[in-house]
Every structure is written in structure tokens, then in C-alpha cells.
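In the two complexes below, subunit A is the common chain; its partner is subunit B in one and subunit C in the other.
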Partner chain A sequence: MNIMTSIIHMFLALVLSPLLLGIINRVKAVFAGRRGQPLAQPYYDIIKLLKKGAVYSSTSGWVFRLGPVTGLASVMVAIMICPAGGHGGLFSFAGDFIFMAYALGLMRFVTVLAAMDTGSAFEGMGASREVQFAVIAELVLLTGLAVLAAGTREVSLAAIYSKLWTASIPPLGPVAVLIAFAFLIVLLTENARIPVDDPNTHLELTMIHEVMVLDHGGPDLAFIQYGAALKLWLFAALLSGLAIPLRTGQPMTDMAVNVAGILVTAIIVGMIESAMARLRLLHVPQMLVVALSVTVAALLWILR
Partner chain B sequence: MNTWTDIFILVLVLADFRLLATSRLAAVIETTVLQAVALSAFMLTLAEKPWPLLLIFLSLITLTVKGAILPWLLRRAMREAGVQREIEPIIGYSASVLIGMILLGLSFIIFIPLKASVSAGSAFLLPGALFTTLTGLMMIVSRKNALTQVAGYLVMENGVYAFGAALAVEEPLLVEMGVLLDVFVAVFVMGITVYQISREFDHIDTDRLSELKD
Partner chain C sequence: MTMVLMLTSLAVLLFGGAVCAFTKGSGRGASIMGVVTSVTGAILAIGAAGTILWTGGESSLRVPWQVPFGSFYIAVDPLSAFFIMTISIICALAAVYGTAYLDAYRGKKNLGALWCFFNLLFASMLLVVLSRNGILFLIAWEGMSISSFFLVMFEHEKAEVREAGWVYLIAAHIGQAFLMFLFILLAGQNANLDFDKFTTPVGAAAAGTAFLLTVVGFGAKAGFIPMHVWLPDAHPAAPSHVSAVMSGVMIKTGIYGIVRIVSLIGAPAQWWGWTLLITGAVSGIIGVLFALAQHDIKRLLAYHSVENIGIICLGLGLWLLGVSINNPVLAALGLMGGLLHVLNHAVFKSLLFFGAGAVAHATGTRNMDLLGGLQKRMPQTAMAFAIGAAAICGLPPLNGFVSEFLIYLGAFGIVAKAGALGSPAAGGLIALAALGMIGGLAAACFAKVFGIVFLGEPRSEHAVKAHEAPAPMVLAMSVLAGLCVILGLAGPLAVRLVTPVAGQLLGNIQVSETSAMAQGLLLKISLACGSLIALAAFFWWLRSMLLSGRTVAAGPTWDCGYSAPTSRMQYTASSFAWPVILMFQWLVRPRLHARIRKEFFPHYAELSSHTDDPFRQGLFAPLFKWAEVLARRVHGLQEGRNQLYVLYIAITILVLLLVKVR
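And now, the complex of A and B:
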């Protein structure tokens, strides 16, 4: 039963994750009074890209070709650990949240390396920005997970998320709210959403994530886009598992609630994107530092 | 009771971080209002459920003075001085938030030995109050704008007030009223001073006041 739930969640993540991007775009279109692209547009894009051939510049080497594949593989590994609501992922072990953070780190590392390998100044600039923000975002993510681990006295993601919001531990309500807020900021940063980066922009000077992948084409670009969708799903799953105070004890129900929460997260992200403008680049680290201070406040709360 | 005390103290602490992070004066003033609301609510959570009339009265007075009258004075001074934001603080905003985190950690460390001897409503209370006081001090020391400094004074006083509420719930009314009156008069006078400064010098940067001028 438990294994079944994990497999179904994994399957849903693999199938539904591009839909999140579609939902975000649709919400933005509705807010702007447009009809918007079809919900399945990200799927069409990925399929179209997969049918094309890839073009490689003569300055780039094997690192460039390795980037998209390794990136997609590492985010898939990360999503296997990701808990579905109060229920664990495909596999879990002590300290797996650190492993998950490192898998995401590996994804970023290979993307950055591939960007540097092109030898283009623009992509180097994007890589430098991406890493600059990631330094703080990763710190926030790990501190937040450490707070949850300390609060629930568990060391694996599955156990942390299943014990959260249950009566077996002292109530973590305020802490969970704080960490959820910090995770929302991490989600927006890591997935290059609006207050940090505008996914629609096509001006290299303002882009962060998009500029790194300018030289990729065809299947490589499809892998990168699919990997980005999976990453969004992963963070949305972490966030909604944390923010929804519901543990029925039945794996299937919990998982369904979590998936619904993930879709709602996509709607919230769309609303944030409609309501906010992009921050100036200099202000992004400031926002992340505020998220960090929120997690530190939560940490002190736990350790008091 | 305990959880609610915790939550209001947490609001106080988060508001402190917002104060350290923002450059807009309007946001600073809004945040002091938020702190006043949290403060007056948290005074009630410290007492047992049938609240004494005195306490309710005190809480309402706090809310009116700190949540309505003082912000109104500050807003008026802001409008008359014609400044919207702090231009160049002595310590940058990210750096002040980082320093704030260190201060919060220190406040917790300081109260570890006292944990057993003080029976305050929550373990978060005394560190939170101390941190609020330190935040106010930070704002006074690290900002140049006179209005932010006045707000910093107000925040510092909020911290002291939370301290008082933590250590002596049964404090006589007269003392609390005296403190409130003090703050009221101080902010009132400072508001007028800020206005005078801005009229005399066309700016309210305090670091330039030390220069002589005819």
C-alpha cells in the first residue's frame, strides 16, 4: 500500500509537472484579461523540442552535452525522495534531506558548467547570478529542513513530514508557518519565478535562469524544461506538505491532498507573478536574507 | 494561553526584521503599528482568562497611544518634512538583517541561565523583548534619517514595555500610564523637532547636523 502510494506519486510528478507551468501561465493570463495559451502548452513545447535535432557550437565540449541529461537525472533522483504529504517518497533513509539538497545542487552545478562551457559572456553572467542567489537560497532550504528535523526529532524527510501536524509531538504550528513562508521564497528563487526572475523576458541583461540555457536546443532544451518543471513540482510538494495541516493516516488520501496542494501552489505562484513586479537584482539577496532570518527565528524557537 | 503569547511575540520579532530590512518610512511606521497591536494583544494573553478590567483598559490605552496617536504624529512629521525613504543608512539593509540575526541569537544566549528563575509566560518572551529593544537601538545608531530614529526610539520602548509586561503582570496602573505618557510626550516633542529641523535645513539627516551653519 505504502509503496503503491509512493509509485503513484512519482508517476503523477513525472506526468503532471509540466501542467504546473501551464496553470501558472493560465492564471497570469486570466489576471491580465487574456484567454491565454492552452493548459497543455508546456507538453506541446517539450514534444516539439524532442522531435528536433540538437545543434552544438564548435567551442563547446562534452560538458555542454552532459549538462541537460545529468540535470534531469539529478532532479528525478531528488523527486524520488520528496515526500507526498504525510507520506514518504520512493525511498528514504537517515539524512536524506541533505542528499536531496545536494542532488538539486548537482543539477545547478551541471547547468552552470554547461553554461560556462559555451564560452558566451551572457551565459557566464547568468551562471554567476544563478549561483549568487543559490548560495543563500540553499542555506534557507537546509536551515528550514533542519528546523523541521529538530522539531519532529526525525532525520529523514518521510518521517519528518509524517510526524508534522500530528499529535505525537509538541505543536509546531507557528514554526511550520514561518518555514512555509521561507520555502515559498526559496521556491520562487530556485524556479526563477517573478520577484526574482521573469521567465517571459527575452532581454539577456535581465535574465537569470533563462540566459544560462540560451545555447541549448532540441532535446537538450526539452530536458532542461522538463527538469525545471520537476523542480517546481518538488518545491511545491515540500511547501504544500508543510503548509497543509491535514494528516488522515491513509496514504492515498494524504497523497491526493498533497497533489491538490501542489496545484494550488501553482495558482498562488501565478497570482504572485500577476501582482508583483520583478525586484531589482540588488534587492534579491536582501529578500533571501529576510527569508533566512525568518528560518533562524524559527530555529531559535525550536531550540529555546 | 502559552501558544498565543508565543505567536504575538513572534509577530513582534518578525516586525523587528521588517524594520531592519525596509527603507521606506511609511513601511517603518506601519510596522510600529503592527508591533503596537501585537503588544497590546500579548498583554492580555499573559493573564488568566477572566481578564481584570484594569488590564483590558491598559491594553486599549496601549493600542490607542502606540497604534494610533504616535503613528499619526510620525506620519504628519513625514508629510511635512516631505521625505519618503531613508536614502543612505550607515549600515546597509542586508547587513542590518544579518546583524539582527546575530542579535536575536545573542538575546537567546543571554537568557539561557535565567530560564529557570523567571516564570514568564513563554520561553520566547524575554529574548523577544530584548531583541526588540536592541532593534530599536540598531535603528537609532545605524540610520541617518531623524524620523527613522524616532521610530527606533518607539521600537526600543516597545521592547522595554514587553519586558515590563513579562516580569510584572501585576504592575500598578500608575507606572504603566507614566511610561506611556513619557513616550507620548517624547515622540510628540521629537515630531515637532523633526519638523523644525526640516524647515531650517531642508533635510532631516542627523549626521549633517553637527556641521556648523549660520
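And now, the complex of A and C:
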């Protein structure tokens, strides 16, 4: 039953993740009073890109070609570890989240190197900002998980997430909410959403993730966009597992609730994007430090 | 048998060194002699070490010696064997690399002397981890410092090399002074300097003093902050294969010393663990931050050694913390993680120094902002360097991840077990927060190094005329890159290498349980890594299937419509790292030198950034100034007047008489 749930969750992630981008775009359109693109537009984009040929910069070499495929493979392995509600992913073992965080690190590393392989000043800027923000975002992710481990006294994602909202003494609700807030900020940073990065901007100087993939096209860009959707799914799954205080004990139900939570997360991200402007780049680290402080506050709650 | 192999290995190395010293001519003979004896010595030593690691147990040899307090007492146990293996692998490959690297100096420099000191360095490092007598240990330690000093001084006609050499010599001897005090303390009442006859310090104060002397004395060699100041000067000054040996294995003898001595001075107190944890966290984070701010590729790698020594130190801190709170799982994970990182760092750091040497060899510069586009000109070096760069960032599926995972696991385990209540959990939190931060910063730093040096377009003539490294250099790098992958994918086997060492220090029964647990987890990680590689290969295949039959064109990089892009418009190493450095400018204190004319039509502007080591300027410079003032005061006592000295003698005799008569 459990393994079945993990497989279904994996399957749903692979199929539904581009829908998250569609939902975000629809929410933004509704807020702006537009009708917006079809919900399935990200799927159309990916399919269209898969059908195209490719243009490679003559500056680039194998690193540029390795980036998209390794990035997509890394995030898929990370998705295999990601918990479905209170239940583990396909791979679940003590310290699995360390591997997950580092698989995402590998994805970032190859994306950054692929960007630098083009020798473009703009992509260099994007790469530089990406690694800068990652320093704090990764720290928040790991300390947040450490706080959860301290609270639940468990060291695997599945055990942490299943124990979090069940009878635990002392109650961990406030911790879960605080860490969920910190992870929301990490989600916005890692997935290049407003207020950190604006995927729709038309000025390469101000972008982070989008500018790093300027030179990719065709199937490579399709892999990158699909990988980005999976990464968003991953963080949304971590977030909704924290924020939704419902554990029925029935794997399928919990997983369904978690998937619903993931879709709601997409709506929330869309609302944030509609309500906020992009921060100045200099202020992004400050926002991430806020997330870190919230994590420390959660730690204090456990210590209390 | 083990001892025969070890002694033969030492004899071969010393013989080779002696022959090299007397070779004449272009240096070709010295190179051949050096590499043959180094590789032979390494194979013999690995044979001996492998036997001990495989079968466990200990093999020793004790010969009386005429030196006061000395005895020629050497032994191989799993701890020594592990370090012998690491030292031998790296030194053999460095010798192979050196044959080609030194070709450029043939006929200009005395290569015979260089190879002589190389063999001496190799032999003295082996003797350091073999010796079980204080005097013998100090002699080997001194031999290691002196021979590496002469290797650093290879290009002594350059002023900065001489400066680096002197700083290194002084740092090495200050460390050695602490070690002398340490051994005097440990010799105690028995006045016996054999390691097995040491008197265990009685009382918390004596044991604590011994521990602090150990950390300072060996930390000066290992490069703990603030005793790291010699590293960033000495590593760039030395020839690249020597830098690889010094950074890859020589500084690890400091780690060996800490582990060895701590295992001899009794049960550790909790604050010992704390000391190492905090030293490790500080060295790790400050090391990587200063690495980010460097422009010289070898100087950058030297700061990364400080960072990785910090990671090892975090593991050792968890070990001592685990022992002191009686948590065998934490102790075993910390120790195994720290030791495995010794091997892993030796492998990838030597690889990176080899790569940096190949770049300097091919382009004639170590300034990253003058490089670029080397991937096309030296593809094999680029491939090997990329693997090393990913490995040092701790990214799966490479070896750096395995050792960092063990340390993480220990840290998260203690945090979960103690439930954030009580100080051990705080220790775990420090370790994992430091590791997380180091990981992010290291990734930033190596994205910069690999991205700027090997990717993009050449930034200067130096890079345009680069060529692939000669075959021996490529061979050495390929072997190390292969080791990075093997040790990464075969995590459980890597853990088996350090299990006997941890068993020796912590008791076999408890360690074997933890080791089996860690191997089980790493097996799952290997599976996950395997699926990662399989998926990546699948997508690569899928893309080539999709693209077959379609137009795949080449074009210029998109530069936002700008019509005449040049390679000078690329992002530079300095600008890539600048935002991160600005976040930590309160710590790193970078300096900007700007020359911008305030005219209406300025035709010239200049901007450069520079980062000094604040510990050197702010801590050691005043300290040595103060020592000099003190020395001048004392100088008045000894001015060279014999009459005065006779007076001193008379006064001394008088005082002694008075004391005796009373």
C-alpha cells in the first residue's frame, strides 16, 4: 500500500507538475483582469520545444549539453525521495533529505556551469546571483530540516512528516507553521518566482534563472522547463506536507490531500506574484535572512 | 612481513633521493630515478598498509637507539595504515605528474635536488605516521618540514617565493615548539618517550593542557584558522605537484597527529569536542570565503584546503563529543566521516592542484581573469578538473558527498536524539549548519573557478595559445578523477576502508554496528546515484534521437542584440564572486582600488579588487613585532663582551653556592 502510494505520487508529480505553472499563470491573469492562457499551456510549450531542432552557441561545449539532461535527472531523483503527505517517497532512508538537498545542489551546479559555458555576460550575472542566493537558501533548508528532526526526533523525511502532525508531546504545530513559512521563502527563491526573480521580465539584466537559460533551445529548453516544474512540485510538496495538519493514517487519502495542497500552493504563489513587486536584488539576501531567523525562532520553540 | 615492506619502501625512497642529489646534467636522469623510486616505494608501502587494513592487527619493530630518550620504535596499525595508503597514492601520482611538469625547468634548475627533497618528503611523511617514539616522531616531523621548505623554495629567485618559504619555515617551527612541550608533558615521570609508555596525564587540567598543545601544534601544520597563514603563500609558490602533495597529504599529518595523540591522553572531556567543532566551523567557513575572494587559482585552492581541514575537524569534533557523552554512534560517524574526508580531500585536492598546474604550465599565468575557454584547448584536463570541482563541492555521485554525508548523519542523529535539549544537540546543529553553508559557498567558488577558467572564450593571449597537458600529467589527473567517481559510487566500500581505523580507536563491536548501518544507507544512495546517471544518460539519448534528422545549427552566443561582442565583455572571476563577498564584507574586507577620472570625457578608468588575509596583518604582524621588541630588550645581556660573560659565570656560581650552603 505504502509503496503503491509512493509510485502514484511519483507518477502524479511527473504528469501534473507543469500544471502548477499553468495555475500560477491563470491566477496572475485573473488578478490582472485578463482571461489568461490555457491551463495546459506549459504542456503545449514543452511539446512544441521537443519537436524543434536546436541551435548551439559556437562558444559552448559538452558542459552546455550536459547541463539540461543532468539537471532533469537530478531533480527526478530528488522527487523520488520527496514525501507524499506523511508517507515516504520511493527512496526513504535515514538522512534521505541530505541527499535530496545535494541532488538539487547538483542541478544548480550544472545549470550554472551550462550558463557560463556560453561566455555571455548576462548569463554570467544570472549564474553569479543564483549561487549567491543559494548559499543562504540551502542553509535555511538544512537548518529547517534540522529543527524538524529535533522536534520529531526522526532523521528521515517520511518519519518526520508522518510524526509532525500526529500526537506528539510537546505539540509541534507552531514549529511546522514557522518552518512552512521559511520554506515558502525558499520555494520562491529556488524556483525563481516574484519577489526574487521575475520570469516575465524583458530585461536580461534583472533576471536570474531565465537569463541563465537564454541560450538553450529545442529539447534542451524543454528539459529545463520540465525540470523547473518538477522542482516547483518538490518544494510545494515539502511545504504542503508541513502546512496541512491532516494525517488520516490512510496512505492514499493523505497523498491525495497532499496533492491538493500542492495545487493550492501554486494558487498561493500566483497570489503572491500578483500582489508583490520584485525586490531589488540587494534586498533578496535580507529576505532569506528573515527565513533563517524564522527557522531559529522555531528552534527556540522546541527549546522552550 | 609488513615491517619488511615498510622498511624496504623507506630504503628505496632514501636511496632514490640520495642518487638524485648527485645526478648531473639536464635533470632527465633525476626525473627517471625520482619517479621510479617514488612509485616503487609507494607500491611497497601500499602493500604493507593494505595488509594491515585488510587483516587488522598491528605490526611493530623496536630497536634500541643511542639517542637520549629515543628508540627506533615504529609500528603499523590501521590508523597508520590508512594514512600510509593515502600518502603513497598521492605521492606516487605526484611523481608521475612531476616528470612532465618539470620538463620546462630542465637545464635551468637543479632538478636532482628537487627530486631528492621530494623523496625525502615522501619518506619523512611515512616515518611520521610510522613512528611510535617522541624523538623519532619529532625528527621525522622536522624532516618533513625542512624537505617541504626546500621544495617550496624551488623558484627562489622570485621574491614572493622566498617570502612564502620563510613564513612557512617559521610557522612550521612554531608548531614544532608546541609539539616539544607536548611530548615533554607526556613523557612525565617515566621520562620515556615511547608512545606506549606515555604517562596518561592525571587530572582535567593536565589532560586539557596536553589536548590544547596537540591542537595548536598539529593545527599549525593542518592549517586551522588562525594558524593557516602560511598555506595561501606556500602552496602557490611550490611547483604544482609539490603543492598537491603538501595540500593533499602533508597537512593531513596534522590530522593524524591529533587523532593519534588524543587516543593516547585518556578519556576526552566534552569541551575538547567543542573546541574542534568550533575550530572546524570557523576554519571551514572563513576558508571558503577567502577562497572566493582570490584571483590566483592556486592561492584559491590553498584556502580551500583550510576549508576542507575544517570539515575534517568538524567530523573529529563530533567524534570527541560522541565519546565524551557516551554516544558510540555519533563518535563512530564523526570519526569515520572525518577520516574518509582525509582520503577524499587528498584525492580531489591533488587532482585540482594538478589541473591548476596544467593550466599554469599551458598558459603561463595563474590569474583566473586572464584565462577562459580552456575546455576546448585542453579537453582532458577540463574533464578531470570538472570532476574534481564537483567532488570538492560535496555533490553526488562523487566522493566528497560520501564523507560529508557521514558527518551530516552524525550531526542530524544527535540533533534528533537529544531533541535540541542539551548541548550535544547544539554541537550537531553547529556542524550541520556549518556544513550547509560551506557546501553552498564551495559550489559558488568552484562554479567560478571552472566556469571562468575552462568555459567561455579566452580572456587573453595566455589562454588562446594554451595546449593540452603532456601524457604523464593527464594520466595522473585521470587516475584521480576515476578515484573520485569510484569512491563516490562505491560509498559502502569506502566506509569499509575506515571501519578498522574507527574500530581500533572506539572498539570493534560498537563501530561495526554503526558501520553496517552507514553502509546500508550508502548502498541506497549508490542506487539513487546510479538511477541519476542512468536517467541523465537516457535523456542524453532521447535528445539525440529527437534531434536526429532535424537542423542542429551553431551560432554566436545571444548577447541581447549587441552587434560586436568581444571576449572581454564576459563576466570575470572577480565580478562573479563579488555579490557573495559583499554579503560577507564585514568578515572578508575586500579592498577596491579605483582610478576613475572625473573629467567630462574620461578616456581611462581602472578598477581592481584585492583581499588581504586579516589574520596575517592583524594578528601575526603585531605579535612578531612585539616579539622583536622583547628580543631587543634581552639583547642587552649578550653583547659579545667576554668580561661581562665571566661576570655572569661568577654571579651564577655565587648564587648556586649560596643556595647550597643555606
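Keep in mind that, in the parts below, the second predicted complex is superposed on the first by the 300 of 304 C-alpha atoms of A that agree within 3 Å, B and C clash if a C-alpha of one lies under 4 Å from a C-alpha of the other, contacts with A are read in each partner's own complex, and residues count from 1 in each chain.
Everything below uses one rule, namely that a residue touches a chain if its C-beta (ideal position, glycine included) is under 8 Å from a C-beta of that chain, and two chains touch if they have at least 3 such contacts.
In this text, all values refer to a predicted model and were calculated from it rather than measured experimentally.
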{"item": "Which superposed partner A:Thr143 touches (first subunit B, second subunit C, both, neither)", "value": "second"}
{"item": "Dominant toucher of subunit A (residue count), subunit B or subunit C", "value": "C"}
{"item": "Which of subunit B and subunit C A:Gly173 touches, first, second, both or neither", "value": "first"}
{"item": "Partner chain in contact with A:Pro285 - subunit B first, subunit C second, else both or neither", "value": "both"}
{"item": "Subunit B versus subunit C as contact partner of A:Pro38, first or second or both or neither", "value": "neither"}
{"item": "Subunit B versus subunit C as contact partner of A:Met80, first or second or both or neither", "value": "second"}
{"item": "Touching partner for A:Ser293 - first (subunit B), second (subunit C), both, neither", "value": "first"}
{"item": "Subunit B and subunit C footprints on subunit A, overlapping residues", "value": "285, 303"}
{"item": "In the complex with subunit A, residue positions of subunit C that touch it", "value": "372-373, 375-376, 379, 386, 390, 393-396, 401, 405, 408-409, 411-413, 415-421, 425, 428-429, 432-433, 435-437, 439-441, 443-444, 446-448, 450-452, 455-457, 517, 520-521, 524-525, 527-528, 531-533, 535-536, 538-540, 542-543, 546-547, 550-560, 567, 569-571, 575-580, 583"}
{"item": "Subunit C-touching residues of subunit A, taken from the complex the two chains share", "value": "50, 52-63, 65-66, 68-70, 72-74, 76-77, 80-81, 91, 93-95, 98-99, 101-103, 105-106, 108-109, 112-113, 116-125, 127-129, 131-132, 134-139, 141-143, 145-147, 149-155, 204, 214-215, 218-220, 223, 285, 299, 302-303"}
{"item": "In the complex, subunit B residues that touch subunit A", "value": "3, 6-7, 10, 13-14, 17-18, 21, 93-94, 97-98, 100-101, 104-105, 108, 123-124, 127"}
{"item": "Of subunit A, residues touching subunit B in the complex", "value": "171, 173-174, 178, 285-286, 289-290, 292-294, 296-297, 300-301, 303-304"}
